[in-house]
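The structure is given below, and queries will be raised subsequently.
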Amino acid sequence: MSMREQSPVSVGLFVTCLVDTMRPSVGFAAVRLLEAAGCAVSVPRQTCCGQPAFNSGDRATTRALAEQMITAFETFDYVVAPSGSCAGMIKTHYPELFVGEPDWMPRVERFCAKVFELVSFLADVRGVTHVAAAYEGTVTYHDSCSGLRELGIQAQPRQLLASVAGLTLAEMPDSDVCCGFGGTFCVKYPDVSNAIVEKKAANIVASGADTLLAGDLGCLMNMAGKLQREGRSIRVRHVAEVLAGIGDTPPIGQPRPSAAGLGEAGQGRKP
Amino acid sequence: MTSSSSDHSSRDVVFASVRRALGVNGAEAPRRQAVADRIAGHPEGVIPARAQLPADEQIALFKAMVEAAAATLVHLPDAAAVPGAVAAYLRARNLPMSILRGADPRLAGLPWQDEPALDVWIGPSDGRQLAGLSHAFAGIAESGTVVMLSGPDNPSTLNLLPDHHLVVVDARDVTGTYEEVWTRIRAAYGPGTLPRTVNWITGPSRSADIEQTLLLGAHGPRSLHVLLVGEMPAGEA
Amino acid sequence: MSVHITSPDFKANARKALADAPLQQALAKVGPGFIGKRAAAADKLPEFKALRDSARDIKNHTLAHLDLYLERFETKARAAGGHVHFAVDAAQARDIVLDICRQLGAKTVTKGKSMISEEIALNDHLEANGIEPVETDLGEYLIQIRGEGPSHIIAPAIHLNKEQVEADFRRVHADLPPERNLSEPTALLAEARGKLRERFLAADVGITGANFLVAETGTSIIVTNEGNGDLTQTLPKAHIVLASLEKLVPTLEDVSQLLRVLARSATGQEMSVYTTFSTGPRRADDLDGPGEYHVVILDNGRSGMLAGQFREMLRCIRCGACMNHCPVYHAVGGHAYGWVYPGPMGAVLTPSLIGIEKGRNLPNASTFCGRCEQVCPVRIPLPKLMRNWREKEFERHLTPATQRYGLAFWAFFARRGWLYRPATRAAMAVLALAGKARGRFSKLPLAGGWTQYREFPAPEGGTFQAQWAARTSAQKSAR
């Protein structure tokens, strides 16, 4: 790993509520990557950045969660999340919540300036150009919307993936088009969401890759769920898992090997 | 026809709502000044570098852009060659040797007698003519656009009704940008005044309304043919 | 035909659209047709981004001084011999148009494409009063003979395929020989051209919209590719322009900036074929052109938008790029939105014009993927404005109860970390255990919207925070 600077910086890891509850291994992958990049990682007590409330029009709840978030994390040099969506929520939208509050605004702006999405933090802030990881397979990368359009994350994950031993990147058509998740959108408008993720699944399959990666667990669960419903054997993982070299945990929506042995033997996993 | 009284009260309601929404009364001197200044100064915004070329390159760009817009173009040494070029155009397409034009003196003064087989009619179009000829006020290199001004010299119907629209553009009238055209029109008509119709035409009529298939000749001319005349004197771009 | 508002039925409309095979076939071409062309046009012009900023600033300046630019426009248009009418709402606008037509004894009017005309349902009103409106934009003509509303603001018939057009032409143009070949789009276009040419020449009044109104000169501008708008306004006795308040622009230079981004954003052209600047009626020595020139300026709720959070929406120049890039529009098409304005711009504008009660689904039916904002030539923050509607909806308790309670339930825990951690830990333990064998669920209580179409991945088990706490305390005790 190459780095611009060697002095350890303190990073507060905001794992996001989805990683916290659904897929802790992404959190551990983030810790491993951050530590390898010379960061001292802490995990303050946390819940959610407030995005579900924000996008549902509930400003009061959002505001309360933002305050909670800022208070918990503002003492670190950096705040890093393995999600473009949550990092984008904080970095680009928190200031909107405190407009006209001069007692809060400078504090919020200072805070937002040190919030980053994991992969772009590694590449852009820590100067990481390659990782010590191996992954046998052909992967395709989906650009999740908020990360791409709010934070400009596009080249960084591809650069780092290029350094993973054994990994081949096969781009899918329209990798920058929404997967149809959209937070609560996918349950409020299931039919429309399904039409969008169907197209995404077809593009993923068209790439010929055996693994799908992205930087946001919500999108990943949506795409994994669709691919699996279609009976596809494509493995779905958070990009951090592969970069951290822990690509041997069961992919999203797949059982642990022992359990698989009892149920659907060998499903979806290569040895 | 004059505006009815209900129009007047609607006018007041609309202005009152706009002013209420903006929190203004309309009499604020700085606002009035800002508006007056903008109209008087009509500042240019962002001008593409592409439109600010030396004379020869500007003509080359104009020709390229006209053709990119699916129009055709011939470059003639001088205006005297226009009647011959019109006749050649009609002959090449097996069209009747007949053309309708406006009274523009720049067209009237051409040696039409050199083409005795060509019938030249003068006036607006009623939709029965296959080919019409106009003189452009200007050409715009930036997008390959011709600028037509309405009036007895070049009736607007000539731009629209004939299947083939032939347009004479004097190379000295080719500008880089839209803004230069406005400057020339202001010089000709006075500030704040336009002829009834200024028509920018960029290529022949087209539609993509059926399955997004692009087809030429929707309602207006199927073909736009530009007769570019002469050269632009160096240093005039 | 007027468009009946079906926006409250967005969900049902969407389901119907998703099951409509010809529609899906047509929609599949929207993305490839528009997106690449816009990108190519934008890439070819290094100044495109700067022009978008310039376009935004011009519109912002105009809106902030709208009353004064309106005054100026009115004065200049009158000085050029035109008539300027103001309409507070749709009904007034319809009546103004009808009055003008009646005074001229009009029997037929030709029409250029005008979304304002659709908004005020003008055609129904004219027909009801014995005046025949003839749409002349090919796409508008197609939907008129089908009795439909537009499904796209710049390509109103984008939902149709050529077989449907052929069937409609055979039905409506019954005077033409039945054995004629209409299998190719060229033949269809030629037939429409012939049919409409007669109508252009016979019309008494021509009605167009306006892409812009220029205050400096009192000029209205239409931008078309077909030339139908020019024929509509040039041939009849009178030209009526329908424009909404926000079409104002200060100067000819300003409108030139906007024109540089309009066609590129809409169709990927450098410039549309016909950009026509009209100022007043036929002049004394003119040989053609309309004898009367009327501009009807419509408010219909827009002045209200000027005041609040939605002012930015009034920058819209109706290029259609936002819908061309919208995954939801691509999936369901324009009719599902249930009124005149579809896609992201409709999701913001429609509730402003018909009310949030009827329009509430539209700003909700977005994934906030942000592609619309990325391409909007006047940089309207469409997702933010949709979110503003969701906030209004929430404040006014219009959000559906299940959603509201779900959110409140979640918020209760999210705001109380000391409860959140044990609660999520327990819940995930249960889910993980239940999903252990397959690693996912095909059915899950309360998640029917998800599992109807997708598997739901089982959690790995044990929250990150719990595992992290265990790990750090183990490290501490080892030390």
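Each chain gets a letter, A, B and C, in the order it is written, and its residues are counted from 1.
Here is the rule we use: contacts are C-beta pairs under 8 Å (C-beta built on N, C-alpha and C of every residue); 3 or more make two chains touch, one makes a residue touch a chain.
Only a predicted model underlies this, so the values are computations on that prediction, with no experimental measurement involved.
Among the remaining chains, A is positioned farthest from subunit C, on the basis of C-alpha centroids. Compare each chain's C-alpha centroid with the centroid of every protein C-alpha atom shown, and the nearest one belongs to C. Per-chain CA centroids place subunit A at a distance of 33 Å from subunit C.
If you average the CA atoms of subunit A and of subunit B, the two centres end up 54 Å from each other.
Centroid to centroid, with C-alpha atoms defining each point, subunit B and subunit C lie 29 Å apart.
The touching residues of subunit C, when paired with subunit B in their complex, are 26, 29-30, 33, 45-47, 50-51, 53-54, 58, 61, 64-72, 76, 80, 83-88, 92, 96, 99-100, 103, 136-139, 142, 155-158, 160-162, 165, 185-186, 188-189, 193, 196-197, 200-201, 215-217, 219, 225-228, 230-231, 234-235, 245, 250-254, 256-257, 259-260, 267, 269-283, 285-289, 292, 297, 299, 303-307. Remark: subunit A residues 15, 17, 19-28, 43, 45-48, 50, 52-59, 61, 64-65, 68, 96, 145-146, 149-150, 177-178, 180-197, 221-222, 224-226, 228-229, 249-250, 252-256, 259-260, 262-264 touch subunit C in the complex. Put simply, subunit C touches subunit A in their complex at residues 11, 14-15, 18, 327-328, 330-332, 364-371, 373-374, 384, 387, 389-395, 399, 403, 407, 410-411, 413-415, 417, 420-421, 424, 427-428, 435-440, 442, 447, 449-450, 452-460, 462-465, 467-468.
Of all the residues in subunit B, the ones that touch subunit C in their complex are 1-4, 6-7, 10-11, 13-15, 17-22, 24, 26, 31-32, 34-35, 38-39, 42-50, 65, 68-69, 102, 123-127, 142-145, 150-152, 155-157, 159-161, 177-179, 182, 192-213, 215, 217-221.
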